[in-house]
């Protein structure tokens, strides 16, 4: 008995049980809907204005015969926002491949650059135009935030891209990029998971994907049932959180009116270990 | 005709015009010597008045100690307790105008916001003949910066006070690793904690430090910090454990979390960022960097609002009369 | 093999890292996590090599073909090489500046590390003294040798060129905010109008504007300051919170897709 | 950073001139800006190399291995595991170099898969804990707030009550706005989504306004540097 207790204490952190439970519930929901979607029922996805304009932007760039610029944020390859940005890049590259316009992808992380080179190349191949791919267009600039912002600003002024995409995770450089791009008169589409930077993109760009919309983008663009299923799972996970919120708020309001403190246990369900 | 040309210029060069205006406005503000009136808020006054009251408080402390010593001597002459109180009295009389301890707990990254505040407090103390002990409890990177601030105040009196000397009017101790334990030890014996000042001079031989041993020999503590968490440590040790009076200065961003301490009277005052510094300088009657920077802020904010309004008027006019 | 094995690697490492979160054992939480972060760093070093190769390739091409702006490519490469060289050199060989420096000393007798002042620097500008990679400093009352971390020239470059440029680039934001606000905060739609109203209230509430223009008071603070606090506390936190929750869910979904191999970014869209 | 020595003086002048070059970009792109950009980007690449070597590669790999080999016979089992792991990482890293070969480039997928696996595995539980849980917990607030101990109509703190209610409504509406897979055509849905957008816009406007002060501070600091350290500092250096 005693041994069991020590094993528990060293090999499983009971304070983090709530995280485990939430992880299991949420991922079960998401996985359930993904497998549900495999059966191929058509799934609905709501309009995302920022993404509908992607084609418009590509069209305009090819019309003008000017290049396009795709910035996938300053996150590393393990950052989910960067991965979402890569998904959109794949789609954009496939569309662009048909035309003779360049797609410039300056990178801040060498790993991200490696993946994106591969990605763009494969997209061009899939579109049947592998000869249009130029390796130097997907390049590494530097690993630091502000030099990177400065270099990309310079690139925008000199290459005069007709469309700029800023997707992924951003920090203070968001507005430097977006304003320098706006000054060149390009169509700008941004999307970021960094909630602090959304306002700057909103004021300086034509379309902005807010927060979670960035993650929904790959499903929206590809309409692949698997990804749409995942989106559905996400929605149900959100529903679970909303229900939990409603329940907790009702309990606490009753608490405040009685007054009592019996519903603190509910708040404690969301407590993080050690904090 | 000319209006049309102007409009065309504006449409093509509005960025450059706006940028030049902002640059000019801030440059102008940095030379601004005119008077501005700022209402000094209660938060700022809490710190200002506490520093202002230090000399009186020291006098009161000396009187209390004298009385205590007399009664003790009458009752139990020669005991260790008498010796202890006598030593306290000697220390208290050593700096008869009182001592404040200023902790410069910030690194260079937030220096534009906090340096003016630190300077205002130190200047205030110097102007009232109060001695200053400077430390950099939380940040090793901030230690050289704090030295510069203190020296700058001491060497540029601007007619407020004579030039102040290190080791006579103030002392700067620098940073020691492990903030929590450093503060705990300082509550018992600063000499043992620091051993030397920032320049490497031994504290033991320094006449200035004869008057200062623990937090009890300091009349007021000012903690200026940009780090979340540092105020808690100070509160825990200096206030809760050693009952020292504390005033604080913080960056505008982190201030809202510490308002409750003000309400619970754990700190006497709270300087909110650049604005607090400006108010402090106004209270001191010596407008300086902070006021200048605050003027710059005011101008710049007014400019932003102005251009938002202009943009809207432009938009409405265009919609009304076409392009 | 080409697709399955990377997938397996990703799934296994991901699952292990996911599980370690729940294991409080000190070996896992301290030692293993440090190993993992070191290992990621080591792998990353080679990624940097790829990045540098790409950089060389791009600029090299520009220089070879004399494309417009090839001179700037030369400058970029030369600066990179120069800074890397002075930074990688042992301190003894760098030209230096005779001045006070503050460095972290090696542990003294009591084992505590302290920041102390360097009072004498051995090297002079363009001096060469391979014997001493140390400089003499005053610790307490005794003069002791201290190891300087970098060549002084590198520190000089870092302070006066790199940091200065970082701060200047950063403060371009002040200018950009102004033009962005001018262009975008117009009452084109009700959304834009709301954005503008909130921004204007907060901008005015941030500064003591009421001392120049009479704006009235509520609860002892000026009206705009009070409104600002209200907006920051309620609508702003509400918006931020739900965005954060949404993003976390999106991230969770992406993470699960990667760990189950449904999404395979490391394949770069190929098989 | 007022100059004390000759090298400082050169440094301050360089810093000031480079800053002005960056500012010149605001007017239009020009050769000075391109020069500064080239120096800045090149320098940051160099600094990246230096930091990777001195802060990572050297202390984390080279030094520990030197120590390991120096006393290789007495190493405990744990150290051997460590050494094996680090060597494995080294090999994984070397696989990146396969990118230089056209045929074997696929080998670089291994280290990439490894790094992505690390990132996502680490991020999942942390995301639940620090984002979902913390934010949910912060939103668990009573809708009614009383000023004192008494529960009476007269004791209701109306501002806090309305504020809390609006906060809760806002969080729910914005969450609802982010539903992607439900058809939202009925009146209730549209109204809720609209309200969500309204909250988002108010929040973004406020964030924008709140940042103005910090950015202006940066600019003020920079202009002060030009004025105090560069011009006045140089004058002082020459004994004015």
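Chains: A, B, C and D, in written order; residue numbering restarts at 1 for each.
FYI, contacts are C-beta pairs under 8 Å (C-beta built on N, C-alpha and C of every residue); 3 or more make two chains touch, one makes a residue touch a chain.
Remember, it's a predicted structure, so these values are computed and weren't measured experimentally.
Going by the contact definition above, tell me which chain pair has the most C-beta pairs touching.
After tallying contacts for each pair, the winner is C-D.
Would you mind pulling out the distance in Å between where the CA atoms of chain B average out and where those of chain D do?
From the centre of chain B to the centre of chain D is 29 Å.
Centroid of chain C to centroid of chain D, CA atoms only: how many Å?
6
So how far apart, in whole Å, are chain A and chain C when each is placed at the average of its C-alpha atoms?
For chain A versus chain C, the centre distance works out to 20 Å.
Any chance you could list the residues of chain A touching two or more other chains?
Touching at least two other chains: 16, 19, 26, 77, 80, 83, 111, 114-115, 118, 141, 143, 146-147, 150, 158, 198-200, 202-203, 210-212, 216, 231, 234, 238, 241.
Tell me, which residues of chain D touch at least two other chains?
Answer for chain D, listing residues that touch two or more other chains: 22-23, 25-26, 34, 37, 40-41, 43-45, 47-48, 96, 99, 108, 112, 115-116, 118, 120, 122-125, 128, 132, 136, 139, 168, 171-172, 175, 178, 200, 204-205, 207-208, 211-213, 216, 218-219, 221.
Touching at least two other chains at once: which residues of chain B meet that condition?
15, 19, 22-23, 297, 300-301, 304 - these are the residues of chain B that touch more than one other chain.
Take each protein chain as a node, join two nodes whenever their chains touch, and name the resulting shape: line, ring, star, complete or other.
Shape of the chain contacts: other, as it matches none of the listed patterns.
Which two-chain combinations touch?
A-C, A-D, B-C, B-D, C-D
For chain C, which residues count as touching chain B in their complex?
Listed in rising order, the residues of chain C that touch chain B are 102, 104, 112-117, 119, 138-141, 174-175, 177-179, 181-183, 185-188, 196, 199-200, 203-204, 206-209, 211-212.
Write out the stretch or stretches of chain C touching chain A in their complex.
21-25, 44, 47-52, 54-55, 57-58, 61, 69, 165-166, 169-170, 172-173, 176-177, 179-181, 183-185, 195, 239-240, 243-247, 249-258, 260, 262-263, 265-270
Okay, in this complex, where on chain D does chain B touch?
It comes out as residues 23, 26-28, 212-214, 216-221, 223-224, 227.
What does chain A use to touch chain D in their complex?
16, 18-19, 22-23, 26, 43-46, 48, 76-80, 83, 111, 114-115, 118, 141-144, 146-148, 150-151, 153-154, 157-158, 196, 198-200, 202-203, 210-213, 216, 219-220, 228, 231-232, 234-235, 238, 241-242, 244-246, 248-249, 252-253, 255-259, 266-267, 270-273
Quick one: in the complex, what on chain A touches chain C?
Spelled out, the residues of chain A in touch with chain C are 9-13, 16, 19-20, 26-27, 30-31, 34, 77, 80-81, 83-84, 86-87, 90, 107, 109-111, 113-119, 121-123, 126, 135-136, 139-141, 143, 146-147, 149-150, 158, 172, 175-176, 178-180, 182, 193, 195, 198-200, 202-204, 210-212, 214-216, 226, 230-231, 233-234, 237-238, 241.
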